[in-house]
């Protein structure tokens, strides 16, 4: 059914995600603002580096850009093939998804918000989680292409729902980043062995992705490898808080965490990994989490 | 080496923990305020229901009571065997552990704070996590007895350190309970399918013990089974906040969460499970998490 | 210079504000959606109840509506006299002021955001505080008309600045409402005489508009007279938080207060005065502030 | 009736408070740890610098020390005259007042917790506000002496109530310090004229002691004069939070503010005035409040 697919945006995630497509489809277009990267991808994986105009003639068009703004700007400049499905893997804004979905309907193009999780390693192994908002028919149509890089693929609701789930996921990550930093500086202040404490908590009810992975692999070893920039996490917490506000709900922990991550981001050095948010707590307490 | 062990406090946890001891030790005393329960335990598991005075003549004495206050009150009334190790599995107060440890030294009794996690199922299977504070020699001495019901057993620091780790663990549980309630009422307000969203988050960086276990097994099924009372979680968040305050640290998310759990506890019906804290959010949002 | 003025929106504030204009100007148009009110105003104060089309032919046009949305909707339907100054006394959204200011420039109409404070009593006495954003020339032009009801009249910055100051003012009101409710339920729980305590605090560094006026005149007497609806305060705290977010700042107390006022508003009965926010705290603590 | 009075603790406040006593009483003892200061006070104001043992033989004994700890330590070392009233003007801990009150009853000494507000200028002019906890009879007995430096003198409740009111007052000051810093950095980020904005807010519902006095006299002029040290404000916010916790109440804004003031205090230079707490917000926002 799907004759051609395209991938737009070959960043750390997109580059690896697009690499799986040639195994499943004969025609795979790639495009990137810095076009050298597209050509390199073509050489490396047998994709075709093409002009943007051609890329948007594919049956299934993936995009993976920094924010929804870039997606909106890019879509505004192109004439997408009628009948295509645009699958946006950006960690974007639900309102933007609704707007683009509505707008593209006029050209008979479906828009799915389809953010992913699983980091670069998941992209490389094709084991990403993909949370998708939009119409069921479009979801069914695009599914075979999404399966090239996704393992757990879920249709979570109407347009915007995918972005909403991703934003809430990243907000929960942010909440745990803050609360674990608070808890572990406190334990260290009381002379507790952090590595032993971590083992206990990871076998108990307080465990989280942060205690299982972020703290041991990024913080306690003092590596803070840049794979997901702190300002992007700040952006995502803002998307989550906007969802709360739009629905006129009250979410005190989310609201506070958005403030704290924003402060940590404002204080951080350029190109800091999201895990560097703990450094704000370290400066408050004069305690190093190691 | 260990000739006799005792277990004081046969509540939901203690009853099951003590049941493993006869497999490893010939002399196992049990005692409970409601003494019928001790006699029932003796009948069921072959332990000996004895007076408190005799129980505290064991080499290793376990206690598992609601709060440190009960432990202090009980210890004040007895003459413990010199050379014994008292292993307190209560989710208690670090300051109290330090005080009791100091006080019992005069009678040549060691005190270990040794709270457990793993719930009644872990107690039943003998697979509890045990986080222990106190002197290394006492830890080594008591270890064979603790192994009867513990799987991951960690010496996390000096006196009070075990209680501190447990308090921080439960605080992290509380933080996740609040933030997940906030995030999921928000997702539902936006029409997202909560079960699909949960699957995605449990495969992503925002996952936690609450998303993996509490939400699906207690909240979304509307069961809220009483296994850990909400006022006890409120108490534990207070212990964690006291640790923050004692060290003159700043922990905004912990401080806010303590307030929220206290409010939820004040609003809850009697005998509410800790997971009922989400109902406060449900009343704010008129949204039911199901 | 000013030949004619108009006042659009004769609510509790606008009705009283417009009443001062005939003392200073010969031609005073008034308009209200429910037109009976305009006719009543004309009879009572000698203003002229006119069609909206005629009202917007005045030299200075005041508006005082519930939110910026109503102002935008209304302006979209009319052809305003070239050279006029539109003075919007709504407690509005800074972004909306910037947009309208820009948009009306094309018709050579100036737009000033000019929210007021001082409540109905200040409107009646013509002693309102007016905080104004927009171009200095427009401010100078409209000043004589604003002086009809304003006492302290300040040009606080460019377009949007007036709304911003009002939003921050109302946010500070909200913060004090919450913190005073928290502090006074706590004092009452400890048996303190609230009236004596209030006298002390009002002579000390912790005093605020809430301790001086709101608590004694609305809460402690249990009257909660509806003069400023709680959902409108919730809206204003949202405007303040949006300002924080737009500037990528971190304001934890503001963020938390927005959440709390939103929860209090969601929980409140219809037509609750803003001071009713304290009732959320009363339900948490089972303590009545009286 | 009162034959003799004593004043213990001649700091910035106490030195000025004690200066009023010789106008009303013939025998005025003063004592200070650094005794040179007592001698200087005697020379300057005609008081008698005496040994601590003699000071506590007065009918009314005032103390004004940094914290309740110093008061407890000092009282533990002396034999107070039977029938005396000890009036402690320290900003102290309610629990400590209850304990001392109980303890001194055995020696037939009354203890009043009587913290003051009004700063050094109020101490100098004898116009302090005094909020008093303890027995009514003791209050009546000490009143003539308290009137020497107090203007508004209130009996607010039983033992501890005076300290409680002071702690809540200072907490409200702290809340306003934080929220005003948040609000004004936000206004500045949006180009608003801070001085004009301040005038408007001080005529509106958002005003407070911080907007009326602290912001213009300490912050905007960048003077931050040290009259009340930031760590002491942090201590007082802690006393207020303890009151909340003891009563098992929920006070999210108070809890968060305690955390923020603690962080600001931890980050501040030595000998920083409480108003320096705004500098934490300035570092987060790269905005200076001037």
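The letters A, B, C and D name the chains in turn, as written, and every chain counts its residues from 1.
Heads up, the rule we're going with is that a contact is a pair of C-beta atoms (placed from the backbone, for glycine too) under 8 Å apart; a residue touches a chain by one contact, two chains touch by 3 or more.
Bear in mind that the values here come from a model prediction, so they are computed numbers and not experimental data.
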Problem - Where chain C and chain D overlap in contact partners, by chain label - result: A, B
Exercise for the section: Over half of interface residue numbers shared between chain A and chain D means same, under half means different, so which is it? Expected result: same
Exercise for the section: Could you tell me which pair, B-D or B-C, is linked by more C-beta pairs in contact? Expected result: B-D
Handout entry: Taking each chain's C-alpha mean as its centre, the one farthest from chain C
Key = B
Handout entry: Rounded Å distance, chain B centre to chain D centre (Cα mean)
Key = 41
Problem - chain B and chain C, separation of their C-alpha mean positions in angstrom - result: 51
Handout entry: Shared-contact residues (touching 2 or more other chains) in chain D
Key = 249-252, 256, 260, 263, 266, 284-285
Handout entry: Interface residues, chain C side, partner chain A - complex
Key = 234, 238, 241, 245, 248-252, 255-256, 258-260, 262-263, 266
Practice task
Under the touch definition given earlier, write down the residues of chain D that touch chain A in their complex.
Solution key: 252, 256, 263, 266-267, 283-286
Problem - Contact footprint of chain D on chain C as seen in their complex - result: 94, 117-119, 129, 131, 133, 152, 154-158, 160-161, 164-165, 168-173, 175-176, 178-180, 182-187, 189-193, 196-197, 199-201, 203-211, 213-214, 240, 243-244, 246-247, 249-254, 256-257, 260, 281, 284-285, 287
